Structure formats: C-alpha cells, structure tokens
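A, B, C and D are the chain letters, set down in written order, and residue numbers restart from 1 in every chain.
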Amino acid sequence: MEFNSIQEVLDFAVRQEQKAGRFYGLMAEKSTDVVARKFFREMVGEERKHEAKLKAIKSGKLSGFSGQGTPQMNLTEVLGEPVFREDITLQEGLIIAMRAEKDAYEMYEGLKAFARDEELKKILEGLAAEELEHKARMESIYDQVVQREN
Amino acid sequence: MKEILKEIEERFGPIWERVQRPKLAQVGIEPAKAVPLLTWLKEHRGYVTLVHLSAVDWIEQGEFQLTWLLGNPETEERLMICSRIDRENPAAETVSGLWPQAVTYEQEINEMFGVSFPGSPRQGVPFILEGWKDIPPMRRDFDTVAFVEKHIPGREGRKHIDTRTYIGEKFGEKGYLHD
Amino acid sequence: MDDKIVKPEPPLGGPPQGSRPHAPVGDGCFLGEEMKPQAPSYKEALARIKNWFRANSLWVMAYGTGCGAIELRPLATARFDMERLGIAMRPTPRQSNVLIVSGYLAVKSLKRVIRSYEQMPSPKWIVALGSCTINGGMYWDSYNTINRLDLYLPVDVYINGCMPRPEALVAGFQELMRRIKKGEADGWRHYMENLDWYKENQKKIITDWDLPEYNW
Amino acid sequence: MSLKHVLQPFNAWVQAFSKPYTIPMKDTMRPGADRYRGWHINDVEKCVGCGTCADICQNAAIDMVPVKDPVKGDSGLRPKIDYGRCCWCALCVDVCTTGSLGMSNEYTWVEKDPEKCRYTPGVDAKPWDGSEKGWRQEEGFSLIVKDRVPMPMLDPKERIKTWAEVVVGYSVEEARKEAARCVSCGLCVAACPAHMHIPDYIGAIRDGDFEKALDFIYDNNPMPEMCGKVCTRRCEGVCSVGIQGEPLAIRWLKRFATEQFEDFAKVLHPEVKRVGEGKKVAVVGGGPSGVTVAYYLAVRGFEVTIYEALPQLGGATFFGIPKYRFPMPSLEKQVDLLKKAGVKIVTDHRVEKDEFRRLLEENDALFFGTGLMKPYKLGVPGEDLEGVIYALDLLRDHHVGKKVEVGESVVVVGGGNVAIDASRVSRRLGAEVTIAYRRRREDMPADDEEIEDAEAEGIELVTQSIPLRVEKLENGKLDFIWGPAEMVPPDRPGGRPKPKLIEGVENHLQVDRVIVAIGQKGEFEWMPEEVAEKVVTSRGWVEVDETGMTQWPGIFAGGDLVNSTADAISAIADGLKAVEGIQQFTLEGLSVSKS
C-alpha cells in the first residue's frame, strides 16, 4: 500500500473505522448475550465517533490527534484469542476489541516505515498513537469490569 | 470519737453514725432532738464552735438535710450533726441563741432553700438575692438554665449545629421501623 | 419581667446619631451643658487639649466585682507601675473617672455598680474585663449574674480573656487612652442620651428597684 | 509651720533624676509562655468537624458552624468560639480527636465591639494563625481513649483445624467499655451506605440498654448480625476517634448487640403500618438487598414473596461467606424474623422468563437483586484445563454441603474478599495456599484484617503477579505461569494504580488447583429479553434511578448488580432506597422522571 497524500491516508483510516464499525454491528446482531450485544452496539458508536474525528481532521476542523495518555497495561498480550460465537460474553468481546485496536495500531506502525514524506509519517504516527490510546482504554474497561476483585 | 457517739446514743436514743476520719464523725438524728443535742454538746462536751450550717436537697426522698458542723477546739474533734426535715413546709429550730453567727447561716439557708428557722432574727430579709420571686434557687427543682434563658439576656446571633443531627439530615439518614 | 430586650437606638457603643448636631469632639462634659450647634475651631483645639489631659489622668475607682480584681493589684507594683501612665486608684466614685468591671457581675452588685457609676463625674469611662462582661463567661447559666454588661452600662473598652493578664490590662488602658485622645470614648454620653433604654434594661433585671433617679 | 514644711513636698523632684525602681515599660509586656493558653488556632484541613470540642465545653462557648459542604469523614462544620464564654480551660484542645485544635500564646485582645469577640479559628484570619507556641495536645495524653478493647480471637494454629468462628465476641463489660469511647459525632453515619444510627446504638450499648440498641440497629438494617460479623465497615474508616487512635469497634459492637438476643421478634416492636395493605411485591433473589426490601415492606403491610434459587436466603452472605466468619445459626436467626414479619419465602426456586412475566403482571412492583453469580474467566490459555476452578463454585459447593477437593496445594488468583475466603477455606481443607495478586498488597480490595488473618493462618501472598497461562504437567499437577508487573498510575483520579506486565519474564508455580477469583458478573439469561434489553447496561450491570427503579417502570433493582462496591451494606442501602421507591410507586403512582 502506498500513499501519496495525507488526504489518502485519512480516507484509508476512515474506511478502516467504517469497517470496524460494520464488524461490531454484525456481532451485535448475531450475539445472544444481552450484555455483549449492548457492548458491541456501544462499540459501533465509538467507531462512528472516531470516524467523525478523522473526518474533522481531514476537513481541517481539527488540527491533530490528542491522546489522553491512558497508561498501557499490556493485558492484550497476555489474554487468549477468543473467536466469535453466538453466545459470546462481554469478557471475550472486550478482548476482541482490545486485539482489534492493537492490530490497527500495528498496521499504522508498519505503514509508517514505508512513508517517505515527513508529513505523512507524522500523520501515521498520530493514527498509531490514537489506536494505542483506544487499546489502553479497552484495557482499562476490562480492568474495571472483569477484574473487579470483589 | 467512739465514746461520744456512744454517749449520744445513750442520752438521745437511736442515731445513725459514721466515723469519717479519726477526728471527724457524722451523726444523724431526728429533727426534734437536734437542738437539744447541739445544746448538750456545747454546754457539756466542749463543742463550742459552730463551724458551719448547711443544707442539702434530697428531692427524691422529699427531704432537706440540715448539717451543723461543730468543733471542739480543745480536742480538735469535729462532729457533724445531720437531721432530715420534711421538704414540704420545711422548718427547723434556730440555734441563733447558742451561736450568734448562726443567724447568717440560717438567713442564707432560708433564702436559698426556703427552710425557715422560726425565731431567728433575720428570716425573710434579703441576703444575697434581692427581689427574688422564683422558687429558692438552690432547690433542685429550680431549673437554672431555663431561668437564665427567660430572665437573663445573653448575646444574640449564636447558632450551634449538632454534628450528629446535621450529618443525619445532610446524608438522608432514615429509620424504617419507627418514624 | 419581659422576655424581649429593647434594642438600643442608636446602636450600642457607637456615637449617638442625630441627637447631637455638630458637637465639638469630646466636649460637653459637665452636667447640664447645652450642646451648641456651632463649633468654632478654637473650641476644637481646646477639646483636644482637654482630652489629652484626661487621657493621661485616669483615676480608677477601686471596686472589684469579680475575679479580675486580683489582676488589678499587679498594676500597682514595680513591674507594671500604672502610675507612670497616669492611672491611679481612688477610693470613691466622686473622685474617679474610670470604672473597671472586673469580670462577672451579680445582679446585686450590678445595682451598686450602677449607683457608683452614676455618681462619677463626667467624662467617665468603663473598662470591662473578661468573658463574663461580654457574654456571661463561665457564669452564663448562673441565676444571679448578668450575661452582658452593655445592656446596663456603656462599655468603652473590652479586654478579652478569662482573666486577662496585667499585660492585657495595660494594653487595654493604652487603647482607652488612645480613644479618649481621639474623642471616641464617649460611652458616658451614650448613657446620658439613651438613659431611658438603659434604665429599662436595668429595671428588668433589678427587681427591687430603689435607685435614685438622677437628673442631668 | 516653717518654710521646710512648705518645701518638703518638692524634695520629691530629686527623684526625677534617679534611676527608676520600676521595670521599663518595654520589658513589662511579656510574651505568653511556650505552652500558654491563648487564643485558639485550628488546622481546618486536619479538622473533621466532629464537634467533640463543642460537646465538652462547660461554658457552651463553642458553636459548630458550616464552612464547607459535608463529605464522608468531614461534617463540613468547624468550631466557632465565643470569647464571651471561653475560660481557656483547654478541654477542647485536650479532647480534640484530630489534634487540629490548639491555642496560640497570644493573649492580648482589646475590643470596642463585643460582637466581634467570636471567630472561627483557621477560617477567620487572625494575627496569631500559625503560631508555633501555645497549648497543644500533649504527646501521648488525650481525653479520648485511643486504644480499642481487644477482641478475643482463636489462635491461628487452632483455627485452621476447625470451622469454628474465629472471632469470639465481646463480653458485656468489654462491649460497654468499648462503647464508652464513642464521641457521638456521627461521621460514621455519613460513611455507612445505609446510614445506620451508629452513635445511637453505641450510646444504648454504653448505657446497658441492649434492647434499645437492637431497635436502633434494626431500624435500617434487617441483617445486622451478618453486618456485625462481616461488614466492610466503612464507618470505622472515618471514625474520628480513629484519626489519632484506633477507631471504635463499631462492627463488633453491633455484633455484640445482636448476639444478646436469641429471638429478635421478641425484642423488636416495629410500628406496623398498614400503608401497603393489598399491595403485592415480588422479590427475586434473597440476598441482603432482597431481604431488606422484603422486611421493611412487610412491616408496612405489603404482601411480599421472596424467590431464591438456593436452599437458604442470604445470597452471597449465605453461599459466599465462610462459616468461620458467619455461622449458619446467625443467618437463620435473621431469616426467622423475616418469616415472623410475614414474608413468604420460596427457596430452591429459580425464576425463569415466563414466570418473571407472570410475576410482573400479578404484582404491583417487582424487585430483583440477583447479584453477581457467575465468575469471570482468567482469559489466558489453559484455563479450561481440569483443576482450574472458580472460587465462587468452590464456596457454594462447600456451603451447600457438597464434598470439595482442593488437593495439597492451590494458587488463588485475585485479591478481593472472595479470593481471601477461598484461600482460607482451602487452608482449612488442608491445602498449602498461595494468593497471586496483580497489584500491591495495599491495593487489595479485601479487608486488611482479613489479609492479616489469612497470613497468620499460613497463606502466602505473591503480589504484582499477572497470570500468563496454565499448563498441565506430566505428574498430573498444574503449572501456573505468571509474569511480574510494575505499577503505573491510574487513568482517572481516585482510581487504583494499575499493574503493567513486564514482558519476557516467566515464573512457575506447581499446584494441584488454580482457583480463579478475579471478578464476578451478573447473569441475565433468566430474564425476559425485552426486560433485559431495557435494564442491563453494556458493562453487565443494572442502572437505577434515585428511587431504585430501573428503566422499566415497576421493576426495581439493587445489590451487587447495581452498586459499584459490591458489599452487603451497600446492597442493604440499595434495598432501603427501593423500599421508599416501591412505596412511592405503588401507593402514589409516582413515575420518577428518567434522565
């Protein structure tokens, strides 16, 4: 994959978010567990928000990415790799989401290596950081919901 | 002290007694015999000093207790003669004939407790209280704080909040068995 | 006895409002003097000089009403030596111009204090010592002591403490002197002008009222 | 009379030039001694506004006045001192629970306006603020009794051999002595989720009136014996006596009061109000929240039926809490009162979808508090191996009387009360126990006391350990592999620090069982789709409004499903909220606004 302009990169990123959104939408439709279903629906909304943010950047309304710096817990690396089933639980759903964000992060990191333009590199870096932030947020939710330790 | 207590018992009939310290004893006696006992003690046993005369309000028993504290300057022994009188229409015999200083004590007890000593010269003459209209203030059924709140103005503008109640109200403390 | 106390008009302690138009500062100190509406400047200067003299000769009536009387003794000793400040003890009210209410005041004493105060020649000042004179102090729930002095007599200076130390007393006298020099210490005038209010309060608490009615 | 007599007085002028005998004016004004009792100072940040100073003041010189909004552990009140009353006895300083109140060594204050002789130290600025000198509470001396009456307990070596209750309980003398330490400030009332009348029942215990104490206790807690034994006791965390000393043993005192009576029904005399007559309420789930709703509605005349899936009411307090902490007879005593109050109890009965719909139709309101009954999984490879079990299952099986095998050694993953309970039960079943916890010891949600007890019983604690995977070994044992973690700061204020895995390090632990106790979730399979869709959130819990009602009008919820703390007293608080809500809903038909 090769990008020639920032616009192209952002278009690609928007498509990625849309893809993810569709994926969560599909899972929300299929799953039987009420909690998982609600979670996936929430994720669809999340992805829409990301999409809107990217579009805002593209049209120049937003100047750049701003990560909140949520600390990483490296949970994604430890946990197993659940696959989608109809009776998927919130826990597995969260792991899937964590992994998806991680994959996206790795993809942008990989793309960065090919970018020749400094500007492009910067925007890819921003995208990667954004995805990393999403991953950390998922981990944080996992930590609060699943590992409540009561 | 033992001998004199024994002698009192022999002469004046049953008494209640307690030796508090080697040279201090307490004797309880019925009111009618109190003044004869005091007289006898002064005239015949050297208890020539009236150290003190005081009263105690035993509101639960419906009695006032009068205590004459006598001193024997020679032996340095002291004797407390206690006598309980009825709280309704309290009166006792005066000892002002024996000890002139008793007049002041009797005047004060008359004012503070409302115990009258018929024959004592300054009964009913204001001593510490002037123009007192309430019940005598040393009686235990006299509510000092209520009196002060009613008659003696203090500074306004103070408001104390009880922490316990305040917290209960602020945090919505409720009871479900009782209202 | 009525439950409610009448509120003073004008406010307690402060100089009376309205009733004394353009009076010269610190003047009009002897009995029966008419307050003149005009104040020529030489009179003002004279008043200032008078006040300076008054401030430096405080003659205290030796009358202890409560525990604070014990704190007055050291003032006469070598450490505090109040005479160097012009403060001297006087045995009768007619010779003194400062009344110290040294702590709690029984209703019975209050009557004597009022009588003494009224016999003192103007200008005269009251110094109140300790908590008891402010709001009753530790005798706040006692049946025969008053809780606040300012209802019955005009106080010029309060010295806080229970009891205030002699040092605080010296500081209090210095404050009184400062106020006299500035012409601010006019409690006596307040008393004269609000006599009815003071008398009403006094009569409420002193039930066997037999004080003479002074005419000034 | 000669000239001499006339001139003699003027001789005194000679003295004008001699050295004065008096001390110079500048030296007469001495500062107060180092421990002089002058004007008050107060460290308002340290002060919690307990009002003990105002209570002890014999002159009624201290008013508690509001200076900020009250929060838990701080009444928001601060002492305002009237110097028209103060006599500088310093009892207020000596009794101060926090040691914040002190006195400066300043003592001079001349005032024209007597109204000004009143101020709030620390709030109203004064020249002597921050004074170093002056009266302070003396080190080691206090009018507050700082030491708690020790609670007799079984020896750790003895107690792992038996299921007997570890805590023995106070005697009458001990309890009254402990109760006498209370300063009745009420800070505990704010901290208690159910806002129990703590100072009142402690006062009744102090006075020896245990019936009155029980009456206060039962006024808003229908499972006090349980709370007296296993409560998380947030009250003790904010106890003002505990700031400088040990907090009041509030939990043990409650336990003492409830232990004085065999049959609560004989002692309690609730005013039975017939307000709810003719109204029916179904309660699904017999845990603390359900019991609360049932009891208080029953005494108000409602017709209440509880449906419970397990053979006994009590919910997590029945199947979760081991009997060495909360014995069965204590629970039965409380259930017994419920029966006497007229609550119908249906045990061993699981409500399913159709029945739920029917209950909804037949009753005026429905409450569910089904709790967190399912464990979350570890989420790591190898967790489906035989030998990996869940703490909840272990505890439940043990309490309903099934035989449980844990082998010789176990590792318990988790750091909450469930993890500690599972470890102590395993210890009593004869295993060597290790607790593997992700965070540090001080971050453990479990009770500190519980952790100490567990350690005393020989349970090992391995902190900052993140499970990586579980493998089966050839000798039939399990290999529990974990990696160390470092702590990173929390992402939200007030959150706990988070463990971050240090990658590349693996530690091994050979065990017979891996017991998972990382967290629990609620289950909603029994609930009709349309209801679940409306009331359940995307995090797996249930949202309710301030009356305890869910998004579905007429359905109320409470307990672990609803609150974030997941303890019994919060469940009871939820129940109380729902009692009010249900009463409003059924009697006044109030539909609470949804926001």
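A few notes on this one:
Going forward, a contact is a pair of C-beta atoms (placed from the backbone, for glycine too) under 8 Å apart; a residue touches a chain by one contact, two chains touch by 3 or more.
All of these numbers come straight from a predicted model, not from anything done at the bench.
Counting C-beta pairs in contact across B-C and across A-D shows that the higher total falls to A-D.
Centres computed as Cα averages put subunit A at a distance of 40 Å from subunit D.
With centres defined as mean CA coordinates, subunit C is found 83 Å away from subunit A. Work out the mean CA point of subunit C and of subunit D, and you get 57 Å between them.
In subunit B, the residues that touch at least two other chains are 155. In subunit D, the residues that touch at least two other chains are 60, 82, 84, 114.
Pairwise chain contacts in this structure: A-D, B-C, B-D, C-D. Those residues of subunit B that touch subunit C in the shared complex are 126, 128-134, 137, 142, 144-145, 147-148, 150-155. Residues of subunit D touching subunit C in their complex: 21-23, 25, 28-30, 58-61, 82-88, 107-114, 117. Across the interface of their complex, subunit D is touched by residues 13, 78-81, 84, 131, 133-138, 140-141, 148, 150, 155-162, 164-165, 167-168, 170-172, 175, 179 of subunit C.
Residue ranges on subunit B touching subunit D, taken from their complex, read 155, 157-168, 170-179. The residues of subunit C lying in touch with subunit B in their complex are 1, 3, 5, 106-108, 111, 134-136, 140-148, 151, 205-209.
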